[in-house]
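So that you can tell them apart, the chains are marked A, B and C in the order they are listed, and the count of residues begins at 1 in each.
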Amino acid sequence: MSRNFAFWPIILVLALITAPLAIMYLFLAIDTVTTSAPGSFWPTRFTLEHWRFLWDAKLTGDVWGPTATTFIFASTMVVIVLTVSSTAGYAISRLNLPFRRLFLSGILVMHAFPAVTLLIGVFLVLQFAGLYNTLIGVILVKTGFSIPFGVWIMKGFYDQVPWEIEMAGVQDGASRFTVWWRLILPQVKPGLLSLGIFVFIDGWSEFMLPRILAPSSNFDVLSTYLNRVSDPDTAQYNFNLVKSVGLFYTLPILALYAVFQNRLMNIFSGGTKG
Amino acid sequence: MHSGVLMTRFKTTKLLALGAILLSGTTMAQATDYTISVWAGGSGPADAYRWQAIEMAADILEREAEVRGEELNITIEEQHTFDGWDNFKQAVTLAAEAGNAPHIIVTGHEDIGPWSQSGILRPVEDYVDFDAWPLNQLYPNLVEVASYDGVVWGLPQDSESRPFYFSRSHLAAIGYSEADIDALPAKVLSGEYTLYSMLDDVKKMQDAGLVEANKGFLPRTSNGPDYWQFYQSFGGNLVDEATGKLLLDKAALTGMYQFFVDAVAMGLTSSTHLGSPGDSFTDAVISDKAGAWHAGTWSKPQWEAKGLENFHEKVQATLIPAGNAEGRANTITHPLVYLLSTTGTDEEAAIAAELITIASEPRINTLHAIKSAHLAIGSEQVNVPLYANDRWAAEATENFLPYANAIPNNPEFGVYWTAMFKGLEASWTGVSSVEDAVKAVEAEVTSAIGDAIVVR
Amino acid sequence: MRARTSMLGMAFVTPALLLLIAFFFMPVALTTVFAFTNMSTATGITGGSYVVTGNLLRTLGERGVEPAVLEVLEQRVFAVDPKTLAAAASAGVEPQFLAEIEQQLLGQSFDTSRAFEAALKKLPSRPTRTRDLKLAAEPFSRAILNTRYNSREEIGAAITSLAPAASAETVGQITEASYTGWRWVEWRNFSTLLEKPETLRILGNTVFYVTATLAFNVGVGLFLAICIFYLPQKTGGVFSVLWLLPRITPVVLYAVMWKWMTWENGFIYNIAQSLGLPAFNYMKGSVPTAWTIIILLNGFIGASFGMIIFSGALRAIPAQQLWASEVDGATRWQQIRRIILPQLRWPILFVTSYQTLSLLSSYEQIWLTTNGGPGSTTTVWALEAFKAGLSNYTGNLEYAVGAAMALVLVIVGIVLSVLYLRVFRFDELVSKPKIEF
């Protein structure tokens, strides 16, 4: 539409303010496979030496263990968040509950809540449960923090399912549970997929919680691994190496983003309509 | 009635354990397995003997048991990949609250104050014999540093000093002769050469174009016991001798803050120096781009690892100069200590105690002392050739250690320390005046720990 | 008429409720409690014990407790007498060793454990291990100095048995003072916050940080959304994809990328150097550049949020309206001002309020980049709360101070949220379910 405007000035301005981003991400990719002279950024030579950390554990420590842990962390989180949000979301969207209003407004408040500032309290809860310094403890906390968002998003998706589907099921004599499981859940599959991807990315990126709630455990996730590698005081410190580890860490996210871009856009806006 | 005296938590465990020990003492034929955990804070690759010494000790203890005809298997679980002291202390504190602190903690001695109060620690004196080898040759002042309120809580793991350094080449370029440079430590010690003389010299270096602006004087980039040295340079004491309480000497604190503000105003150090990355500091030192700086003795091998050669020909080390007539040249030793936590059984603690005792053997500790450029913990170490033949260790032991003191072990000291550093940051970066910064420190410590500190 | 509660509904919300209780309500409740205590590393979180120490006795002396009582409590005597021998026997000290002790040392007393142990070491049947020897020595001590008791009653009884002359009041005073755990301090943490000049500075930093970042987020988000709206879909898509990248990039890597950009020998440093401009570590080397970087770094993450919300709202504008304005000869600027911006009033208000809340409580990015420096010039409220309570160099974690600061954030958060819920017509969102059985 609006063909009477010239695009070039707009594109130029956009390109200008986007330049820092483009440069950072471009060099993130380039620097991992090239070397350049000190004091310059122009790559002079193609090399794979910065990726040696993948097979040489002597360089920065084994990377595959943390990768597996990060995967377990993120996917467990996805399973719990999806299960809990798809049930609770349905309940507040369609079922009659006492204090429903309070619950919903509570969820909305918690949605943008400074959860990380409550870490001392969270620590105590974990300690009472005997889950401090364990992977499952960190997963539970991260899941708990993601629940308000998940429930809110799923409620939004359920709200869009036409009533007629449910009405038809109930009139056929099916129980409310069967109706949900057989008829409604398939309707919100796209929502579950979007939420799942979002939660996976969120879990994959998490840094604070493993760092604080499991500092001395014998597992490492990629975020804490990268943080250690990027400490300039370490002996093997080198920006190209740090970037290679970083790119390795982010590749799964970038892949997910490339494939499911539109779904993510949906989530970023969907759950936050005021 | 003695039986009416109810037992403590420790005593209860002690006595339960006693039965077990005395029983097993006669029937120790079967194998006994122990897993002992060790966490070391603030340690880089050069400090590996902090936990490797424990591994060596475990090997010796196993062999001793074998010689006695017993079978003892000790597995050491070590962890040292904590990034920075704040993360390490957070990890230990929270783990201890959760009941799974490591058996052996290697940390700065100042943690003894708060940790002994909170019940995280077992007193080392209940587990080891200070009248027997090798503990009977530990320097008494270091054992004192590992004690708090009349109880020995830990064994010193290393000692050190935190001297001041000058670039010999830059001093020569502004007119110092070789002999003048060699005489500098004595002039610093006598108080003739002060921090302000240092600023004047560094200014000359910058004016002569030898050193870049803001690089003349490079203080430590982060918080550390080092900064208390400057408080002492201006006549401050950390403890009030009469009452044994902490002491805030406002005049000394003002002098110290003002000194750094003056250094910034003269363009000799940057107003944003605090918090700048450590690698540019190191780079300036190894490529002779700085005029004067201060750092712990252990920094020397780190500089050498990154390319500094012929240290003794390039650098002159002295005490931290006095700041004014009230102050004195000084240095602070900040020994790390081996502490025993309340984690695990009494039997495990007894094994852990034997391990740290063996790790204090002069030969074993010397490995750490020389590899990481720390100083001896015991008088016999000067007889170990590795130690005796190391020029840096000898020099530091002779020139600095006699004038070194330690920061106090007091549960409230952390509050005071944090307030001091915040005030330093505020005045250094110019967000508040020196006067206001001192007032803020006074307000903070009196409101937080009023009973425990004397303000003068 | 009120519909029946759905049992399925209850079952369906229970897991969510449990997680929320565990990780939101309980932490909030605990934070509230902690804020009114003096909890720190030294006091521990889970309660303390009762112990008489040398320092405590000195303090009690200053407070005027009878010196005679304190003197008794201060001694640390090891006595070999029938009572202590019986205690040692019941504690399980080896009989032969015990017999030797009785034979050689009966009636003697020792001022220090060291002296007593030295005497024990001369006996032939002594335990060979140091710890065993000390355990055997233990029952001969009647001192309570530095001994930890689990309860008030236990230490009270111990004091009384050692110093029978002490009045109940004195024993109570000593017992009370000997507690090592945390105590209630009423509003002291908050009044300290009010008194500290630093609080005002941190507050100023926080307001500046939130306002500036918000201005960037909304301004750039708006600009992006409008530009993308006018561009062909493909071209616009490229930009929106790029601007979403910071949002999905893990924060640790994102921080590393900014360091590469702004540190010494980094990208901007090299360019500035070749152009002859001042080159230094921009992230840590000066206050204005540190702030600029913090705001940009957070702004690049936040702008995409506004961009998405505004793009959605723009797509809802009927195309005819725009065509009509073009036919009327409206310029692009007029079109934006007259048609687009009025349409975006609510989305702008929404983005502003939503991001105010999340910026107030965010500190992860600052922590990983400037860490509040240089000095503490870029320290915001949430970061200071985190540092005071959980992460500081001296290792003295002041849980209570951190909790008090967090509580302030919690209250601000709740007040703002409730306000927003009113403004954004919450009622429409919570309309009752239409079918109920």
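We take it that contacts are C-beta pairs under 8 Å (C-beta built on N, C-alpha and C of every residue); 3 or more make two chains touch, one makes a residue touch a chain.
In this text the structure is predicted, and so the values were computed from the model without any measurement.
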item	value
Winner on C-beta contact pairs when A-C is weighed against A-B	A-C
Chain nearest the overall Cα centroid	C
Chain whose mean Cα position lies farthest from chain A	B
Length of the line joining the C-alpha centres of chain B and chain C, rounded to whole Å	27
CA centroid of chain A to CA centroid of chain C, Å	23
For chain A paired with chain B, centre-to-centre distance based on mean C-alpha positions, whole Å	41
Residues of chain A whose C-beta touches two or more other chains	127, 212, 227
Junction residues of chain C, two or more chains touched	45-46, 390
Residues of chain B engaged with two or more neighbouring chains	87, 90, 97, 277
Chain A-touching residues of chain C, taken from the complex the two chains share	3-6, 8-13, 15-17, 19-20, 22-24, 26-31, 34, 45-46, 220, 223-224, 227, 230-232, 235, 239-253, 256-261, 265, 267, 270, 273, 296, 300, 304-305, 308-309, 312, 319, 322-323, 326, 332, 346, 350, 353-354, 357-358, 360-361, 363-364, 368, 382, 385-386, 389-390, 399, 402-403, 405-406, 409-410, 413-414, 417-418, 420-421, 424, 426, 429-430, 432-437
Chain A partner contacts - residues on chain B that touch it in the complex	39, 44-45, 79, 81-83, 87, 90-91, 94-95, 97-98, 100, 102, 277-279, 305
Complex interface listing, chain B residues touching chain C	1-6, 8-11, 14-15, 17-19, 21-22, 25, 85-90, 92-93, 97, 107-108, 110-111, 113-115, 117-120, 123, 125-132, 149-151, 222-224, 244, 270-277, 280, 346, 349-350, 353-354, 411-415, 417-418, 421-422, 425-426, 428-429, 431-432, 436, 439-440, 443-444, 447-448, 451
Contact set on chain A toward chain B in their complex	123, 126-127, 132-133, 211-212, 215-216, 227-228, 231-233, 235, 237
Touch list for chain C against partner chain B, complex	40-46, 48-49, 53-55, 58-59, 83-84, 86-87, 90-94, 113-114, 117-118, 127, 129-136, 138-139, 142, 144-150, 153-154, 157-158, 161-162, 180, 188, 191-192, 195-198, 201, 263-264, 281, 284-287, 290, 370-377, 390-398
